[in-house]
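Residue numbering begins at 1 within each chain, and the chains themselves are lettered A, B and C in the order written.
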């Protein structure tokens, strides 16, 4: 990769002191060779970067490192992401075209630039756009629509009728469009409620490995533009997740809950159904969220409370056993005084 | 779907004021057209139902809505479930019969009315009853028995020797019959304990997407009649779940624990092994259950406690930081009085 | 199985009072026949073992049971594990050799003693050692290395470039080598960070059903020798798990966290990223671990604390509502005394 291409990607000129040249790889400081590039975002790693073999470093504006050629930008971590995308191998894993062993319904309409890996099954009336890469043994059931430039990793199941936008990534083992958990109770027996809705995943969204996203009952379940889901996340029927929200692993969102835009949700969080999480909120790890929260809220804990309140409660819990002892002592001492001063006991 | 058929399903006559007619679809109020049917269960949605386009509404006995033809039953939500099943498309997703690309062991015995999707693998000595629908790329390993009228969604793995009853639904990505987590520790090294048991899933049970159900060590792991499992649930070896219990997403049950009948378990709950959860119990979301509970118990929290006790504790936690301050103040004031009144400090 | 073979496996002679003979099966007391063998580890089951049909029992050194032929060893549970391995059927589930329907890249190098089940896909330049058993519909993407004697169950996905040692077990639905959850935030939009690392799973490790193990960003994610993972566990990018550690179901470990050797982690635990868990630590169920801990630590709770401290806090919580009432009463009584004694209020 040419240094000039990297600089262009970062939106900066080539550093003054050097001419264009070939960069070998984007690396960690530990594994870098002389012609590789590394990045310095967290000051904790400054020493490792300074002493590493790489000559080229993506740094924060104004930062210099002795003996290094520094590419300065506002946010080196963003720079890292962009340069990593440059170096990414985006060739289809199983080669171009449609694998001979793929089982493609004749009614499916698939752009010729799209690749389909061995053993994948494409159902009736499926449409798939251009330059989408589908791995091995994926199942795209009937009536699904998939856009351009998507990456559907090996072993993904997209059930019937779901819509996937452009540049969406769905990782292995994810199930899109499973039935929601809908049951009515009659005489202690559950009567299943079949769903009629679908799932819509909008552009640039990413779905982690082994996630499950249930279809809606009537209206669709919606994963908004640019939403990022980590692994093993459960999204129930009729949930809506607003654009550019991110959710860490093993979180679960119950039916009909709405998550706003730019919401950050940590791992192993649980949400009850039918609540609204306001835009730009933050939800701490393992929180149990049972009520709607306003935009910009920061909550954590179980039951979830305001973040600072919860931190104070958690700190105070440490003193709880001592508090009980103190209380016993105080009650005794106070009773003594009251007796001494002629109060009824 | 004829109105008369819907009324019959609900166990009621056609409403007085109308003759039989064709109903287009079961819909949400938002999406309904004039000839569609909706339901009104939660009074919160009364206004939406009253102003929607649908002429037909499933309502609670005695309820009337201006301008609507009301089908009155005891529980409209149950009515919704039953009518939804009427409208459900139960045709095999990949067509009738055995797909050409399915890989079926010659020793398997499969009823001719059963459908098998593309690329599914059916192992040796498997038996499958009538009218069962098996999706694409399912794996049914050797010696499994599957009953009549089941729905095995694309990508399910049923490992060797497991038994599935009639009218069972297993959703995509679920793994039935994985090895349990059995290890003996010798000199800090784990020695694996191979299991010899299987999994039995009884009639009308439903298993959500990406669930895992481990086989028993000797006796089988049992999912009882009519049990409903949401997505991403872990059921360990030798667990037994009694009939008509329901478990929400991401819950995990450790080895040899017994869950009774008609137990309701919310999401992200964890159970230790070797305990008994009595019939008709309720377990709140995210609870950590480490002890057996009597029938009819209602528990929540971590460690799990009686529901009302836990709610009081949770409410009190809010005051804990203030309580610590109060205690410091009281200790100081009481010490002053004690000094004043001649007590030793 | 000959009794002499079982005794040899346990490292003991055949018991004095008997000659060699054929043992039918290793069983639970409930299901045992006369010529079967059972084990007695937990004294709770002594009565069941004493009254069961089996003549042969693995017991603790020095223990005798009337009418039984006792095989005495130091730890009968370890004996159970070893004898269970003797009785295990280790034939490939779909027969020897490479299934005709497997899709094997011509560049793959696979030992002839390895078996590959129907429909499995083996990518370019994959190498697989001897006597490894690969189930149906597994996907081994390009450039993977798999050792000898492994068991890769039906439906496993091993993504490109990952290394699996010898005698590793990976259960159905597990995804090895998914992309980590790496994103940089620029103007409220997440920029994806493609990973360049892989996953290394060392000898004798076991990965449960539907687990996900993300590849590292630069350096690999490492699952050490003899590590045992239960089902539905999430291991993020660049995590390292030291040898002979065991992790129960539904636990999640965030990026770059290091777990030491011989660490025991219970179910549904969550770890933040970039922390170190010392060797020989124990982490209780559902703990939320946000800080590094020293070797030998025993922690639990959320936030995680020392186990005994946490138990005391949990016990004290029971009294928290009462404590609040006591505090209100004491404040009132103390105020009265202070007034009586001439203090300012």
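One rule holds in what follows: contacts are C-beta pairs under 8 Å (C-beta built on N, C-alpha and C of every residue); 3 or more make two chains touch, one makes a residue touch a chain.
Quick caveat: nothing in here was measured; it's all calculated off a predicted structure.
Participant: Edges wherever two chains touch, nodes for the chains themselves; is that graph a line, a ring, a star, complete, or other here?
Facilitator: Topology of the interface graph: complete, with all chain pairs in contact.
Participant: Copies chain A and chain B touch; is their interface built from the same residue numbers (over half shared) or different ones?
Facilitator: Result for this pair: different.
Participant: Hey, how far is the Cα centre of chain A from the one of chain B, in Å?
Facilitator: Roughly 25 Å, centre to centre.
Participant: Pull out every residue in chain C that's touching 2 or more other chains.
Facilitator: 119, 137, 155, 173, 210, 232, 250, 268, 302, 317, 320, 323, 327, 330, 334, 337, 341
Participant: Which residues of chain C touch chain A in the complex?
Facilitator: Answer in residue numbers: 103, 119, 121, 123, 137, 139, 141-142, 155, 157, 159-160, 173, 175, 178-179, 181-186, 188-194, 196, 210, 212, 214, 217-219, 232, 234, 236, 250, 252, 254, 268, 270, 272, 288, 290, 302-303, 305, 309, 312-313, 315-317, 319-320, 323, 326-327, 330, 333-334, 336-337, 340-341.
Participant: How about chain C: which of its residues touch chain B in the complex?
Facilitator: 25-28, 30-31, 75, 77-78, 80-82, 84-85, 87-88, 93-94, 101, 117-119, 135-137, 153-155, 169, 171-173, 206, 208-210, 226, 228, 230-232, 244, 246, 248-250, 262, 267-268, 285-286, 302, 314, 317-318, 320-321, 323-324, 327, 330-331, 334, 337-338, 341, 343
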